[in-house]
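Here the chain labels run A, B, C, D and E in written order, and each chain numbers its own residues starting at 1.
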Amino acid sequence: MDVETTQLAPKQYKSGLKPVWCPGCGDFGVLSSITRALSVLGLRREEVAVISGIGCSSRIPAYLDVYGFHAVHGRALPLATGLKIARPDLTVLVAGGDGDGFSIGGNHFMHACRRNTDLTYIVMDNQVYGMTKGQASPTTDPDWEAGKLTPGGTGINPFQPLVIALASGANFIARCSSSDPNGTAQTIVEAIQHPGFSFVQILSPCVTFRPEQRQWKNLVHPAPVEPTDDPARAARRLLTDDAYFTGVLYLGQRAPNEPVPKQSRDGIAALEEEFKVAST
Amino acid sequence: MDVETTQLAPKQYKSGLKPVWCPGCGDFGVLSSITRALSVLGLRREEVAVISGIGCSSRIPAYLDVYGFHAVHGRALPLATGLKIARPDLTVLVAGGDGDGFSIGGNHFMHACRRNTDLTYIVMDNQVYGMTKGQASPTTDPDWEAGKLTPGGTGINPFQPLVIALASGANFIARCSSSDPNGTAQTIVEAIQHPGFSFVQILSPCVTFRPEQRQWKNLVHPAPVEPTDDPARAARRLLTDDAYFTGVLYLGQRAPNEPVPKQSRDGIAALEEEFKVAST
Amino acid sequence: MTRQLRQSVSIIIAGSGGSGVMSTGTMLLDAAARAGWYGLMTRSYGPQIRGGEAMAMIRLAARPVECPADRDDVLLALDWRNIERFLPEVALSADSLIVSDPKAGDVPEAIEALNANQQQIPMTRLAKEIPGGRTNMVALGVLATLVGIPPALMVAAATQGLQKRGSKAVEAGLAGLGAGLDAAAQLPGLAGLTPPVAPADAGNERWSITGNEAAACGAVHGGIRYAAGYPITPATEILEWLASALPRVGGVLVQAEDELASVTQIIGASFGGVPALTATSGPGLALMTESIGLAVAAEVPIVVVDVMRGGPSTGIPTRSEQTDLNIAIHGLHGDAPHLVLAPLSVADCLFTTQWAVHLAESLQTPAIVLSDQFLGQTRVIADRPVSVEFKTGRNTVSGVNGEYNRYALTDSSVSPMAIPGLAGGQYTADGLEHSERGVPSTSACDHTAQLDKRLGKLEQYDYGDDWAEIEGEGSTAIVTWGSTTGAIREALEQSGDWQSKIRLIAIRLLAPARPQHLAAALEGVERILVVEQSHSGQFHEYLRARYDLPGEVKSFSQSGGATLRPDTLRDEIGSWSR
Amino acid sequence: MTRQLRQSVSIIIAGSGGSGVMSTGTMLLDAAARAGWYGLMTRSYGPQIRGGEAMAMIRLAARPVECPADRDDVLLALDWRNIERFLPEVALSADSLIVSDPKAGDVPEAIEALNANQQQIPMTRLAKEIPGGRTNMVALGVLATLVGIPPALMVAAATQGLQKRGSKAVEAGLAGLGAGLDAAAQLPGLAGLTPPVAPADAGNERWSITGNEAAACGAVHGGIRYAAGYPITPATEILEWLASALPRVGGVLVQAEDELASVTQIIGASFGGVPALTATSGPGLALMTESIGLAVAAEVPIVVVDVMRGGPSTGIPTRSEQTDLNIAIHGLHGDAPHLVLAPLSVADCLFTTQWAVHLAESLQTPAIVLSDQFLGQTRVIADRPVSVEFKTGRNTVSGVNGEYNRYALTDSSVSPMAIPGLAGGQYTADGLEHSERGVPSTSACDHTAQLDKRLGKLEQYDYGDDWAEIEGEGSTAIVTWGSTTGAIREALEQSGDWQSKIRLIAIRLLAPARPQHLAAALEGVERILVVEQSHSGQFHEYLRARYDLPGEVKSFSQSGGATLRPDTLRDEIGSWSR
Amino acid sequence: MHRPDDKGLIIGSTDELLAHAMAIEMEAAERYEELADQMEMHNNPEVAELFSKLAEIEGKHIQQVRDLGGDDELSLKTRWKYGWAEPGVSEAPDYEDVHYLMQPYHAVSLALRAERRAVSFFVEVGEQSEDEEVVAMAARLAQDERNHVTLLEEWLNILPEPDEDWADDPDPPAEG
């Protein structure tokens, strides 16, 4: 899409509050991508809301000069769903971590995908709980032994966010890397523009508890193929995924669920009719 | 497998308490399938535990003469996980409804599949909340208009239990119909015997709130193909599924997660060593 | 048939599934309402989902009634199946009339033992004589005659009640009704009801409504336009009513995946400026407390209606109990002051819920409304419930110059709220402790300031007179809350000079506590009876904790299961040695 | 250098991330422990995960200490960055010694304003002179000298502290340490510590342990062999310790997907006969209450340790507060009696948790242990904590003849429990109300019987003397609970004859309430000061609700943020006009 | 690939080339500012100051390109199309490459690497273009970048090389 210059610069979407994140943390790149995306879309700051749970990544709303809600751990999606359905005029983004989104928040993730409300959900996936000092998350590899609650590794299958999103019915599915803020911004723009529930997994290194993830930027590579709108094809691709390809994987065609409050047809008096005792 | 005659008859696994279910409810068939399966496996009643949540279907433990836990809504799986890991010697079944398992309990469902503890999870799916008098459940079709909280239909994608089970890593995936108690019993036997997390969806009509489901028995048909151990193939099949084929779909090869408590190696005193101030 | 008239008549209809117990009760109630009487109907079921034994308790009266009567006057048994299950719930005596069908077989021993007036009417046989006839319609006719309902009104009510089953059913039904009206002539004179004081058409509108419907209607009056919920007995009807009503007034109800989602959805909607509500019962409330705490900290108004049932855990979902008081007031972690209110009657569910919305919106905090199974599922015929036009509401910002401090410390401790869409009002709502600007802070100063603010706004607010209903005077006070109010009120009304000797203080606003107001209301009181429906005396403890109770204090608390009847209270007070 | 000796010295080390504040503090504490001193160390951080400003507070003493001192004696600043953030938390005065590095730049105004004794030591320069030298090791040497720690012990502690970084680091570290020891000679005489009363090797074992470690260790002592948890500050260390310890004693810890799962997992394990525990903080406890209620109703023993932090909502995760008392006692829906206990010191986390396991197992009910961030994360050097061998435990059935009634009404109201595997013991544990047999029941009779039973077993039990710690006598009583006990104890000890005038009653068993025991403990008391760390006075309210408090009662409650110091209490008591 | 217009490095006009140059400098200037903020927040004032200085320098470069005829509007559009992840394009250091304990030496090394990337970018553009003006302008821009490289090399020379264990933090992370 084209960039119009009358719009706000990316920086103008920042609140000025300095992030508490560790220098090197991928979340800085994500923050920058979001501001670029908002700028390119020319959205007014007051018509955007960013909703998050709890975690390092979930601190992001405070760093943006838009409406924000830093909620409780795991509940960003239903909160955003309530907001978006009540206020369909707003652009609502949801942002958080892999623990927040896939562990404690996993049920809402599935059900948000199913419900297909017009939200854009950005997960900063670092395969670890950063904020609580380095425990395994659902996306952690089974043999990562440094997790303090899982000495010897979790020994269990990692959670596959894109697969679950697809299986649950998300309408837009993409993977990005925080090391490419511009590419990520472009994907976020598409995600916001695509109707319905859009899910963007962003590989975002935790340099403190997973320093080896600094290497991710050398591992990621663009997806070899174009996005598909066929779930079966998307599924096949994901099952051969090396977990590092980036780009838009799936573009669904489902209409978003918009139980938009209609203009009031009746007054309350009309609702009360049913209670009145018939006077015979 | 062969039935040994010294073992208990199916009836001997019943507690004698009369089910509160509506006559015609599919859950009667499921109860009978479970008793048959236990009998065929020759399990002693005291070495079996059946764990459930809340719902019509979740009443099942009380009707069985095994150890049971009728827990709270949605939490049967983690309760069973704790039991099985603490007591690997027991045969642990989990049983409940589609609301219990996929709505409020959806997160535990995904994570139980991932964790692959050696449990057998039986969901009596009637695409409705029976116990609370007929609201839509996650598996309800989007255009079912009789749900009292969703007049005009839910309008959202139904939850695909088998797809999610596969995407999350369940090790055994099958669909049965309550109208075929014997076939269902056989599948339950296989599910119990298969190591790791086994998931059995049983189409079990709610004759009260979904009377049209009485027709299910005419719609179900055996799966046209043999079980596969290839997730990609299983996924393809599920995506062309007519939702009525029954049989074992997927047989995974993952070893179950068994953090079996080892024989005590140290005494508590050894643990306390680290606290002692060095006397120099 | 000459008969003595009475103020109130209480009828039990019992029978097994399919016998039409509930529809009989409903039509009877409707006919009585048309005749200008007041009344109420409660229901009780066996454990089966379908086909189980069922009992309807209908009380009709010439003045408003809010609880079961001391005694049940009539038991009409369509059959005797599992009748013993219900006996602990009913109050039959030797003065009661037992009507049964000879076809139903032997009268059970427990009923025989009452030594009551037993009458048999061959209702089934009479019904069989009518093509498509049903026993329950014959029974309805019998009851209408017993009560003294004008046949024309009974016919009208029955016609409407049967309408949705088609004209054939109406025809057969009316024939059965007629047979019943006639058959009742054989019965000995039962005291019928006194004619109503003011008939329904005399300009004062009457409603037939349950507490759950009233709460839902009050929510809409209060401005609720977004609701989210997850079904649970006995709260589901609130959600169901809103599901169809809200779209008609520009709102919406969303069925959520669980209670964690329903409560956070409404926080989101309310953050977006749309007043929002959910309804649940104890187990659901337990799941919501973490996020209710978020609404406290982030200062987002929401309303949670908890229709209480027997606890703990899954407990007894179909029985009433007042035992979620503790969790409603104290169930949030940290210091999390918020509003807790309780309706004092079925009809009051409307006002109290509406007021709860108003207070939550005005004070930017969560309000929990504690209804219960009795209030929620009892249908009453009552005067049109009160609803009030509140002039004020949520304090929002209309324009921002310079920096906007979402959590600014103000005189009222309420900070004007920016609603998304307002330019310059951007802020981040936060459950972390924060500065006035809304920036996360671990400073003890900010912490204390915001704790003071969140408590202060609740403490300073002028709640007016609605915090409690106070009646009567004298040196003995009965202090209660919620649904037990009805039985106490009746106990006092019926007992000669008690209204001048005993005051009733029924608290509607449970939190924040209003110690000064209660102190004023207790002026001159020497002894207090605290009445509630709980095992542990939660209300009594709460009163001790937050109020100074003068004089002798006695706690009357009885766990759920059976509904409190006025005479139990009368006995309790009567036996309190002076 | 002649110096006057003191009983306790309190040292603040501050600096920004990477400067080694915490490891310096830890080595200092370790060395002091080796020398036979007691002590404690608390930590405070800026909001950054890495590279933020940090502060270690180390208090060393010749006798056991359980709280910060009235005043901090030394501030050693490795640099000045963001030092202002910490000033509200420290208690520096004109009597304090400020040690800083000239390289760190100007001493901040707020420090200057103290008019304290300021000394500069070129620690960075000294460190730079050593290959691989680090400023913090020089600082450590300075502090060791100031305190009077024998250099050999300091070297031993430093060697161990640096070991895991390799021999080069040890070498450089020791060189730095030496430089610091020397450089300190330039400092004016600070009063060092009195020699320890009994050195560590005199047979009485000393431990270096945090409350979280102690709780975890107590859990294992109590018999816990299954744990499940979800990380949360400040409780995670309990889970972490158990994750590696349990497998060594035949147990296991499972990391769950959330708190809903962790609490139900442990219910499952315990149902299976394996004592089980989880640990969390306020937000997690809120998510667990529904299932804790299940454990009450189904009578399954479990232990939940709640390490409290600032609330409400996410609040201040790194600060201590005693504000989950309400939710712990009253946070379950329905009438759901259960156990609530609180450790009274860091070391007591061991006994109290062990006792909690014992009580939960004996009474077949959930026990909530209320620790807090201060107790949990403070490291103390203390005498080996008490742990007790309990002779009894869970009452299980060993064989069944005929019908087994899981919820049988017994004298003790505890019903022997069948563990899966026992033939004939099959039953269904249920959160629905049930009969003695365990069959779901809506009968008011069963309901009352089971409510009586669940309450009765808690009320009847003989808890012995451990329900509280009672010290001193006199007509003034201070009643407190949990971590505030330490500061009060010290306030009383230090104040002349206060111990004979003032009694301290620190309650360990919060629920069930023990009114008769407290009444006995309060015999002769004329006035009571209730002390707690909360904004709303939750403990005071709870005491009012459940106990009769004689005489004048005053509540001293202060929200979290700063830790209570003894002098605040002393002032409070001193200023209470007689 | 997020190469501009998916055309590889074939750039058709000097306007376009200047737009690229400015976009690259803008990216770098903003990144340095951000990194300076990070270092300030994380108590590393020395490096914070250095990053600020680098941001300032990049700001000057933007102006220089603007003076050569660079158009802001076009640069913004061009910038948007970049995938900066692509090796060999960005003049901004990667977010992942900083550390709260990093020293000026590291900061300058980072900048140096980035400037060298810029040099090779312009060299490559020059090699691939057939438009003479573009070739000339690319050469000039490459030379500018080389000058920056030289400057940074000088800085680096006078900075002390950090110890091996510069990233060692003896303390555990804080928690939130």
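In the analysis below, contacts are C-beta pairs under 8 Å (C-beta built on N, C-alpha and C of every residue); 3 or more make two chains touch, one makes a residue touch a chain.
All of these numbers come straight from a predicted model, not from anything done at the bench.
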{"item": "Both-way neighbours, i.e. chains that touch chain E and touch chain A", "value": "D"}
{"item": "Chain E and chain B - chains in contact with each", "value": "A, D"}
{"item": "Most distant chain from chain D, judged by the mean position of its C-alpha atoms", "value": "E"}
{"item": "Furthest chain, CA centroid comparison against chain B", "value": "E"}
{"item": "Copies chain A and chain B touch via same or different residues, half shared test", "value": "same"}
{"item": "Length of the line joining the C-alpha centres of chain B and chain D, rounded to whole Å", "value": "42"}
{"item": "Distance from the mean Cα position of chain D to that of chain C, given in whole angstrom", "value": "45"}
{"item": "CA centroid of chain A to CA centroid of chain B, Å", "value": "31"}
{"item": "Intercentroid distance (Cα basis), chain E paired with chain C, Å", "value": "69"}
{"item": "Multi-chain contact residues (two or more partners), chain D", "value": "47-52, 233, 236, 257-258, 283, 290, 293-294, 298, 313-314, 318, 430-432, 440"}
{"item": "Set of chain B residues in contact with two or more other chains", "value": "70, 72, 74, 103-104, 106-107, 111, 138, 259"}
{"item": "Chain E, residues touching no fewer than two other chains", "value": "41-42, 44, 100, 172-173, 175-176"}
{"item": "Touching chain combinations (by label order)", "value": "A-B, A-C, A-D, A-E, B-C, B-D, C-D, D-E"}
{"item": "Residues of chain C defined as touching chain D within the complex", "value": "47, 88-89, 282-283, 285-287, 289-290, 293-294, 296-298, 310-316, 318-319, 321, 323-324, 326-327, 329-337, 430-433, 440, 442-445, 447-448, 451-452, 455, 534-536, 538, 541-542, 544-546, 559-562"}
{"item": "Partner chain A, residues of chain C touching it in the complex", "value": "30, 33-34, 152-153, 156, 160, 200-201, 205-209, 213, 217, 220-221, 225-226, 228, 245-252, 254, 256-258, 260-262, 264-274, 276, 290-291, 293-294, 298, 381, 418, 420-432, 438-440"}
{"item": "Chain C residues within the chain B interface of the complex", "value": "47-52, 229-233, 236, 239-240, 243-244, 253, 255, 257-259, 283, 313-314"}
{"item": "Of all residues in chain A, those that touch chain D in their complex", "value": "20-23, 54, 56, 70, 72-74, 103-104, 106, 129-133, 135-136, 138, 147-151, 154, 208"}
{"item": "Sites on chain B touched by chain A in the complex", "value": "103-107, 110-111, 114-116, 138, 155-160, 163-164, 166-169, 231-232, 235-236, 239-240, 254, 257, 259"}
